Amino acid sequence: MKHSGNHVDNLNIAYIGGGSRGWAWGLMSDLAAEESLCGTVKLYDIDFNAALDNEKIGNRLSERTDAKSRWRYKAVENISDALNGADFVVISIMPGTFDEMESDVHAPEEYGIYQSVGDTTGPGGLVRALRTIPMYAEIAENIKRYCPEAWVISYTNPMTLCVRTLYEVFPKIKAFGCCHEVFGTQKLLAQAVSEILGIEEPHRREISVNVLGINHFTWIDRAFYNDIDIFPIYAKFAEKYYETGFAEKSNENWMNKYFSSSQRVKFDLFKRYGIIAAAGDRHLAEFCPGKWYLKDPQTVHEWGFELTPVKWRKEDLKNRLERSRRLSSGEENFVIKETGEEGVAQIKALLGLGDLFTNVNIPNAGQIKNIPLGAVVETNALFSRGKVIPAVAGELPWDVHNLVIRHVYNQETVLKAALFKDKDLAFRAFANDPLVSASLDDSKKLLDKMLSATKKYLPGWEM
Amino acid sequence: MKHSGNHVDNLNIAYIGGGSRGWAWGLMSDLAAEESLCGTVKLYDIDFNAALDNEKIGNRLSERTDAKSRWRYKAVENISDALNGADFVVISIMPGTFDEMESDVHAPEEYGIYQSVGDTTGPGGLVRALRTIPMYAEIAENIKRYCPEAWVISYTNPMTLCVRTLYEVFPKIKAFGCCHEVFGTQKLLAQAVSEILGIEEPHRREISVNVLGINHFTWIDRAFYNDIDIFPIYAKFAEKYYETGFAEKSNENWMNKYFSSSQRVKFDLFKRYGIIAAAGDRHLAEFCPGKWYLKDPQTVHEWGFELTPVKWRKEDLKNRLERSRRLSSGEENFVIKETGEEGVAQIKALLGLGDLFTNVNIPNAGQIKNIPLGAVVETNALFSRGKVIPAVAGELPWDVHNLVIRHVYNQETVLKAALFKDKDLAFRAFANDPLVSASLDDSKKLLDKMLSATKKYLPGWEM
Amino acid sequence: MKHSGNHVDNLNIAYIGGGSRGWAWGLMSDLAAEESLCGTVKLYDIDFNAALDNEKIGNRLSERTDAKSRWRYKAVENISDALNGADFVVISIMPGTFDEMESDVHAPEEYGIYQSVGDTTGPGGLVRALRTIPMYAEIAENIKRYCPEAWVISYTNPMTLCVRTLYEVFPKIKAFGCCHEVFGTQKLLAQAVSEILGIEEPHRREISVNVLGINHFTWIDRAFYNDIDIFPIYAKFAEKYYETGFAEKSNENWMNKYFSSSQRVKFDLFKRYGIIAAAGDRHLAEFCPGKWYLKDPQTVHEWGFELTPVKWRKEDLKNRLERSRRLSSGEENFVIKETGEEGVAQIKALLGLGDLFTNVNIPNAGQIKNIPLGAVVETNALFSRGKVIPAVAGELPWDVHNLVIRHVYNQETVLKAALFKDKDLAFRAFANDPLVSASLDDSKKLLDKMLSATKKYLPGWEM
Amino acid sequence: MKHSGNHVDNLNIAYIGGGSRGWAWGLMSDLAAEESLCGTVKLYDIDFNAALDNEKIGNRLSERTDAKSRWRYKAVENISDALNGADFVVISIMPGTFDEMESDVHAPEEYGIYQSVGDTTGPGGLVRALRTIPMYAEIAENIKRYCPEAWVISYTNPMTLCVRTLYEVFPKIKAFGCCHEVFGTQKLLAQAVSEILGIEEPHRREISVNVLGINHFTWIDRAFYNDIDIFPIYAKFAEKYYETGFAEKSNENWMNKYFSSSQRVKFDLFKRYGIIAAAGDRHLAEFCPGKWYLKDPQTVHEWGFELTPVKWRKEDLKNRLERSRRLSSGEENFVIKETGEEGVAQIKALLGLGDLFTNVNIPNAGQIKNIPLGAVVETNALFSRGKVIPAVAGELPWDVHNLVIRHVYNQETVLKAALFKDKDLAFRAFANDPLVSASLDDSKKLLDKMLSATKKYLPGWEM
């Protein structure tokens, strides 16, 4: 790469999971909208054809006159080709297929265990982690070998365990996990500010927050709009919409009802604990005791959100495949616009093109006092040239800490289970997950069934 | 009190809850069997007549020729009369009556929540704690005023929170909590040693163990009989009896089926975690996620123990009242024998009549590395003249720690709820208890109902 | 105060020590050079006439056409007049006079103890702290009473203990200590970069550093110019100039030889410990064992710096008084230019006019892992609207930590000695200071003499 | 070995340094005075003839009719012969000869650095550690290979670093360090009790103390005789003898004036810090800043102790060699009596022949809160069958901690310097030692000279 004034050229980005039909397109769009960078994106995917499609889509986009910068997209067949010389590595992979995810999410329903997402925690998140960790371990080994100095941005769920695996395998890796769930909470706070104070809705970046927790179960204990303390405002807002929920106006384009939420979970957690949970309700619910918000579909509905069926994801995938075809053939064109994700802004900050203070998932080095050092936590950090400097975030209140810490410990068990291919360890974590409300016998049966459904991705396990 | 050689005379013991028809009689028997001490026991009870009965029973016992020492028992009407001049204070109180306990234990059953004991944790233990903590706070204030230098031995459940309250209110108190559950586990290990090695059963005192955890949910991570490591022995034993359970031979006299257990819970925890849970199964089960061992009466039965109905306790109380009448009238006589409790041995050690190394419940000052300082933990300690010196016990394995720590945090919430009379805090702890498997709405209703049933003992609460 | 776009009007600044003829003039200059702010500065000083002089000087400056903003300066007779309504409080006081400082610095010389500055640590810093802490305690009380929400910027030495006192007396205070010593080190690193790489000298702001330690004894364990690691560069530079020292080119105008240094102390510490000490050699030397760099004037000279005699300060004061007269009468005019201090930049950042990432002295909340929580440390922090967010700085290497931690502990003793007016505690700290190389008897005599020389400022002490 | 009732036969003890003419004879005497043990002692020494002499001495002693038990002593030529089958390993070696020690102790005097012992800390202790650590590392390797389950009792100075090395090299070793300095302090407290209360002097075992610190610089923060708090008694005693010192009555037989002390150092530390230093003044003085008690021989004398010249040790050695000749030839006979050392009592306790609660040097696992885990600390512990259970000792007061912790950190540096044969690291520790009051240049020269004098024992070092 080459710095020249406020511009960096010849940047090399390796995209692992480069056949992605979601995050990859978002990155293409964000890169095309950014005038201060240009370079090459190497697309590596176990589905090489998908990478080839994205190569076409990316290059077509890059050639458009409304693209603010030129990027060369190149599908590569080996991960080493992607990583060699990379300045940045982006990882967004699908661990397995929606068939495995169907088991992750729906197999537990037989035992009365419901999951709204099933990719982060709970039985589904756990089994997904068992699949994903060996993949991430291999990626970490490759980064160590081919580009140990590169910055690594990880988007895959389960976020915490993916980042944790990277550091476990290659402790000197310069990696972090990115997630937009806190942004959504900032937007909600902006709406609360607007509604309660009767002013125009601020941009979510104007809502400054102190973030502390673990990904998808992180919390905000201080929030300001300019000098205005948002807590009393949010208290009124949460009270006002506690029963009815607060319907989001936007987000109706590509998402659907399965992704919407009326924030009642967040309001309830706020009422009970006095601090703001900073993720979507669908994620938050899965970290809480199963009986609270996910007891059964009726309870879920009453709390104003829905369970996302994997059937819908499969349907949606068909649409995306079709769209991929249209985009690669030129039948359809992207509208170039910023996605709201911060990956490109983070890259710029790390290149020295402007500091960025935002939330990020990295190992705890003192950010959160009452979480063990080394566990991956989500807090704010300052992105600046060549470094990510974590902010001291303080500590979670005792009771909220009690909800969070059990996942921190459980995640460590899942990590070990995956690395050692140890079913007993996996069961320890499984039986101790707050969503797993079956008897021990049933839990064993369920785990067996789920592992069996995903066994193709568990090489070396004794089952 | 007065030391003379290996004898201490004129000892003053204050017994709070001195009308007790269980622990008090045990203490009388143990004192009568001990030749190196004599003195006065002042019996204070809110039921003064019960104390008067015990005065008679105690003095009658003391006059017997087979009593090895002379004690004067004296019922007193005010707690100050008991505490003034006391060298030792024994506390064993019943917080409320069996009517309140009936609600503690059985009200949750409506919502599918079953409890085997209901006096330590779970919804019943929590509500019992709310009743007990203000009583203990008052006792602590009185000790501070009347006998700040006295040693305080506490037997009441919930043990951890009772001891915690004493230190919260009077940080310089010299108090500790005693419990025989670890002794029972030592006996089980002795039986395992005997059976697996084909040798005579050692005395439980010959089974040396490292103890770490919280009362009724404490653990043993090292156990030796002489130089023999008991862990591989116990592993065989647990395997052998995993399915059938191991039936205790003894304990059939006054206890009954409601108190028996076949150790299957202990065996299961050992199989899964590799360390030995050191309390009765009935207690252990209540600290675990509700679905594990207490899902429903059928599950409980399969795990080889039973739910103790409070109806039985009421019936048993009638028998004890009748026995009290017989004992105080002289119709019946005690057989003087050591009960197996260690209260008197601890008193002797604290008086300098021989060191004692045993388990005890006191605030964490470094005994357990991964439990917050100040939380009351159960570990070994050396009792020696004028001091209780806690042993460094190490740390719980990560996964077991994850089961224990949530209770440590929850107990702090219960403490605050009781001291501040704060229903919201009580609900935080309640909803987060691993046994409470109702929806949030139902949990609220249940807590309301339970508090209402015990409201006589919650003065000052807004309900 | 009033925000309007990128401008804040009607700002209220209270200047405690507002008669200052150094820092105050610097602030006036920096304010006059800043176009985005305007408002009032209230000058409070125990020497009211000095404040009046500065009122004239400030207002005269503000009326000039080259002043970019208008400020009204107002001397006030009571501290409450200054603090009432203040948005910011600046504190830069002289604790006592140069007569007391003369004793601080020179009395120890009788016992072979030499000090290059004598205002931070060592016997002089300690006695100065005993004078200063009660003054700061009183200021903290007044801030709590009159403007608890104001931001407080402290410049007085001993910096660490001044800030520590503010938080001890008023834990919710929003205070921080500012010091330019790290800036000087950044400049040195910029010169090293320039010389070793043969490029133009970067601005010190382009040298990014990770700062960790305590004021005047803080350290840099990572330093970058763009993506270039400065450590190997500095290693060459330090080697090159190890024997001769590196003569600064600048700083010859108002400072003099007593303030110059040839960086040999810094180079020696780097050679021995491998990390960069980040303060002037005159300060660093005083924190080290006395024999290292301050054994005697000859040793000092060999290490390339000088002892600053208080006689010189007295002489210099005369010049400044004379200059004050000229400035207030209009005989002389300031050249308005930025001083290089960051106070105004920090004010702007806290008002939301642009983030600032810089070093600052605040209580440890996790910034440095191996320094006790609550001790005042110097690390980087992000200044942003309404908040100072400390960065996680990591931990000092074991051996450097060993040099630093003794001062951290000693400072706590000094704090207590001052607050409790306890000479025994003062002597504990005194005898344990690495500069105090007298026998215990002589040390006692010396401390007595020094306390006596400063007794006017130690009301309530028994001596 | 073989247990039979209260007797253990066929015990195998390996004595490393078995040619010792001090500790070895003491052990022989203590073993001969103990009736419950018998077995074999294998004597290994790099001076095989010395071991042979001791073989004769030991066997001659064992055959005497007044010996209460029979032991077979056997000199062996290889360490493996000693360790194979050992139940206990005793290590008491002389690292180098008195020639090296002469340099350790006296070379620094040229630079005005005086040492009263020179075997634990200070320049002499440091260089001795550099010689000893590789020897201990080798012993640890051999123990790991030949008798990993054996208990290891270490007597060599520097005690802390010897034990630390054993654990560094073989973390599972069952080793501890023994020292009688605390016993001496208990005796002093017994004398204080006797004198101040006008009662007969209790046995030092009746003085119960809480011990916390590092070997030769450990402290007592609670001390009781029966129920009597010794602190106010000791305060009076220290005040009474502060000026004159307190002359010990005993210890006049084989020791001489070089070992006597009048406790003034201990009294001074007590006056200043309020807790009791628990080692001989000669040792304590060496851990304090050099100017306090060891400024020069005159100061030492005024503080009531003396510097022990190595010349005297050489003379004494001649006497001991001569005595060895007499003992091995039968010209002289031991008087069998207990030495007051606890090695045999510890062995008995570890064999299950009676618990022992005493002070010991082992890695910190929570005994002392404010010393890093893993550092070797001296506190009480319970010796019981098969285990040494450390007591929770609490924490040192802040100011005393400040004196101790610098040595803890410095010792870690010395350990690394020795293991890595790194002179720069050695100098870091050297220059930071509180006794080293030379300039940096002189310090370097001194260290060079001292290393050179000991270079025979520093194989592999670049010098």
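We call the chains A, B, C and D, going by the order they appear; numbering starts again at 1 in every chain.
One rule holds for everything that comes next: a residue touches a chain if its C-beta (ideal position, glycine included) is under 8 Å from a C-beta of that chain, and two chains touch if they have at least 3 such contacts.
It should be emphasised that the depicted structure is a prediction, and the values quoted were computed from it without experimental measurement.
The most distant chain from subunit D is A, comparing centres defined as mean Cα coordinates.
Rounded to a whole number, the gap between the C-alpha centres of subunit B and subunit D is 44 angstrom. A separation of 58 Å divides the Cα centre of subunit B from that of subunit C. Remark: subunit C and subunit D have CA centroids separated by 47 Å (rounded to whole angstrom). Taken together, the chains touch in the following pairs: A-B, A-C, B-D, C-D. Partner subunit B is touched in their complex by these residues of subunit D: 3, 208, 210, 222, 224, 226-227, 352, 355, 357, 365-367, 369, 380, 382, 384-387, 389-392, 394. Considering their complex, residues 268, 272-273, 289, 291-293, 295, 299, 398-399, 401-403, 405-406, 409-410, 412-413, 424, 427-429, 431-432, 436-440, 443 of subunit D touch subunit C.
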